[in-house]
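Listed next: structures, encoded as structure tokens.
Both complexes below contain chain A, partnered by chain B and then by chain C.
Up next, the complex of A and B:
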């Protein structure tokens, strides 16, 4: 019974923690610009993160080795250090964007000067990580992030054209007017895929497996959490695309702010819709900020072999703890300068695509190594899916920066 | 291990080092090797720290890293190594070898905060 409850809570936290500010902005915008035609990218990205999330959780449970242990061992010191620097930069930028998102939500809820609210968000996050255990961080932010489901209910309430929604799940390129619009479509394919497969998710998931004390006997549980939790999380992203298509596309609105995205639940459910949407976004962004700050600290500690983990007393893992505090401070400083958090997240998502192959290749190589994984080595199906998604993310990585430049960040 | 040799580059270099209590205390950043051309070479120790790690970087990166983070290096005698698996286990405690957390600036900052002792 206790195990079932643990699995149930883990599924809900995986689902509630699935969406962050980048995914929210790109998914709603994808719907507003291209109606349902990018739903297949959401499906592809969700399967991709399931494949690599499952592998990283299985490796952690079997070998007690999280992702950045593997990166240094499998790609060597110099290439590993390059990946570490890039991954740290992405975690920092994503954390900054989430803190900016939190401040925007607080402003909508309570009003007040934006910079003061950024500082309030920073203090709240630091205190939460310092005083809550790992399990409570996961549960509080994951479960309360489930308020985001109001976006799915709003999307359904707005009366989607279900046959067109179903067609959107088949890979397609819509009829567009100019060649430039096709490039914008390509940019959204890459950005949406990256926002779903952000590398910090595997860093955090595999480190979290060790924080939770997973053993090889937990590998079936890992599979259940990944399959059910991430599929349900993917549904949230689908709901956001549908809402963009049904509400913003007919009105020719391109929602650039998280608050604009909340218009969907407001239009459909009124005041309570607004409160649920804002609370959902607050906890989803808060959870993502924490996951990014902790992922940055996990990566550094694992790469250099420092003691790490929330399960240790902070002074016995002092470098790890100081690192996540410094990431929060730097992220807050970036946002306090006045940069637009949505623009920050756009750049961080495109930078994330570029490091995805360097994160996923060591994971795949380790998961298919029989000497390393024993009886829990990848089967043929996991290998085929692993290589398929590795090719996809490598192509996305090659196209990401040119598309960002040519399309001016998807603005055409 | 089911092979009759030890591949130092693949099975030792860059592996996690843990002390006798399984506390992580660094990575094998480099190896100290004794001997002369034509004579038998002997691994005398493992090197841990930013100094030996940065020596493996390209020249410009090495100079920058050493200017910013210094050249700290701890040599752990090879006789300390008890187990080589996916990590390297040592006989002694981290603080007996100069590899514990208390030597870092981070320890001074973190240990002064309320609740730093609590799991």
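Up next, the complex of A and C:
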């Protein structure tokens, strides 16, 4: 019974922690620009993160080794260091954007000076990570992030065209007016997939498996959590695209702010919709900020072989603890300069997809290594899926920066 | 690998990196200083139209008492910021020959939008003012749409 409850909570946590500020903005915008046409990308990205997450969780349970240990082991120190620097920069930028998002949500809820709210967000996050255990961080932010479900209810309430929604899940390219619009569509394909397959989710997930003391006997649980939790999380992203298509496309609005996305639940459910949407976003962004700060610290500690983990006393993992605090401080400094958090996350998402193949490949190679994984090595199906997604993310990585430049960041 | 070969490889890498970095800088400088073409002007107008519609939708929510003052004022403040940034960029950017008329129209509409959004900030408790702002925003949005369509 206790195990079942643990699995249930983990599924809800994976679902509640699925959406962050970048995914919110890209998903709603994708619907507002291309109606349901990009739903297949949400499906593809969700399967992709399931494949990546399952492999990294299985490796962690079997070998007690997380992603950045594998990277150093598989690609060597120099190439691994390059990947570490890039991944840390992406974690820092994403963390900054999430802190900015939290401050915006606080401002929408209570008003007040933005910079002061950034500092309040920073203090709240540091205290949360310092005082809560790993499991409670996951549960508090994951479960309260489920308020985001109000977006799905709003999307359903707005009366979707279900046959068109179903068609959107089939890979398609819509009829567009100019060749430039096709490039924008391509940019949104890459950005939306990247926002769903953000690599920090896997760093955090595999490190979390070790924090939670997973053993090889937990591998079936890993599979259940990844499949059900991420599918339900993907449902949130689908709801956001649908809301964009049903509310913002007819109103000719391209939502660029978290508060604009909240207009969906507001239009449908009034003030309660507003409160639930803002609370959902607050905990979703808060969870993502913590995951990024901890992921940055996990990556660094795992690469250099420092003691790490929330389960250790701060004194015994001092460099790890100092790192996540420094990441929070730097992220706060970046956002307090006044940069737009949504723009920051747009760039960090594109940078994330560029480095994704470099963190994905060592995980795939380790998961299919029989000497390493023993009886839990990839089967043929996992190998086919693993290589398929490696090709997809490599293509996305190659196209990301040119598409960002040509389409002016997806504007046209 | 011998020392000369290593040195040659390093030199090639340094030269390639320098070419890429300078190429990128040159490209960025050109992108920032070149006059707006038809598509770029259309993008600016699209953004303005989106802000106008968003402000209109927000106004409707206030009129049906669905949002709080804090929410309304924050969103209005952010829209003010975005509108001002678009207006300033239209004021400072040059356009390609033949687009001067459309550029002038877009600057006029950006100024009107900015003043409509500015007016919203003090209108929260004033229903009459809010209704007037809503009508203004609809008109500006429609004018922006016409201008945008003329650039297709």
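Following the convention adopted for this analysis, the second predicted complex is superposed on the first by the 412 of 412 C-alpha atoms of A that agree within 3 Å, B and C clash if a C-alpha of one lies under 4 Å from a C-alpha of the other, contacts with A are read in each partner's own complex, and residues count from 1 in each chain.
Throughout what follows, contacts are C-beta pairs under 8 Å (C-beta built on N, C-alpha and C of every residue); 3 or more make two chains touch, one makes a residue touch a chain.
No experiment lies behind these values; they were computed from the predicted model shown.
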item	value
Partners on chain A (chain B, chain C) - clash or fit	fit
Touched partner set for A:107, first chain B, second chain C, both or neither	second
First, second, both or neither for A:151, with chain B first and chain C second	neither
First (chain B), second (chain C), both or neither touched by A:122	neither
Chain A-centred angle between chain C and chain B, computed on Cα centres after superposition, in steps of 10 °	120
Which of chain B and chain C A:73 touches, first, second, both or neither	first
Which superposed partner A:274 touches (first chain B, second chain C, both, neither)	second
Touching partner for A:306 - first (chain B), second (chain C), both, neither	first
First (chain B), second (chain C), both or neither touched by A:187	neither
Partner chain in contact with A:317 - chain B first, chain C second, else both or neither	first
Where chain B and chain C come nearest after superposition, their Cα distance in Å	9
Chain A residues contacted in one complex by chain B, in the other by chain C	none
Chain A partner contacts - residues on chain C that touch it in the complex	39-40, 42-43, 46-47, 49-50, 53-54, 57-58, 61, 64-71, 73-75, 78, 82, 141, 145, 152
Contacting residues of chain A [partner chain C, same complex]	104, 107-111, 177, 180, 251-257, 259-260, 262-263, 266-267, 270-271, 273-274, 278, 408, 411-412
Contact set on chain A toward chain B in their complex	63, 65, 69, 72-73, 76-78, 80-81, 130-131, 301, 303-308, 311-319, 321-322, 372
Contacting residues of chain B [partner chain A, same complex]	14-17, 23-27, 29, 48, 53, 56-58, 61, 86, 101, 104, 106-107, 109-111, 113, 115-119
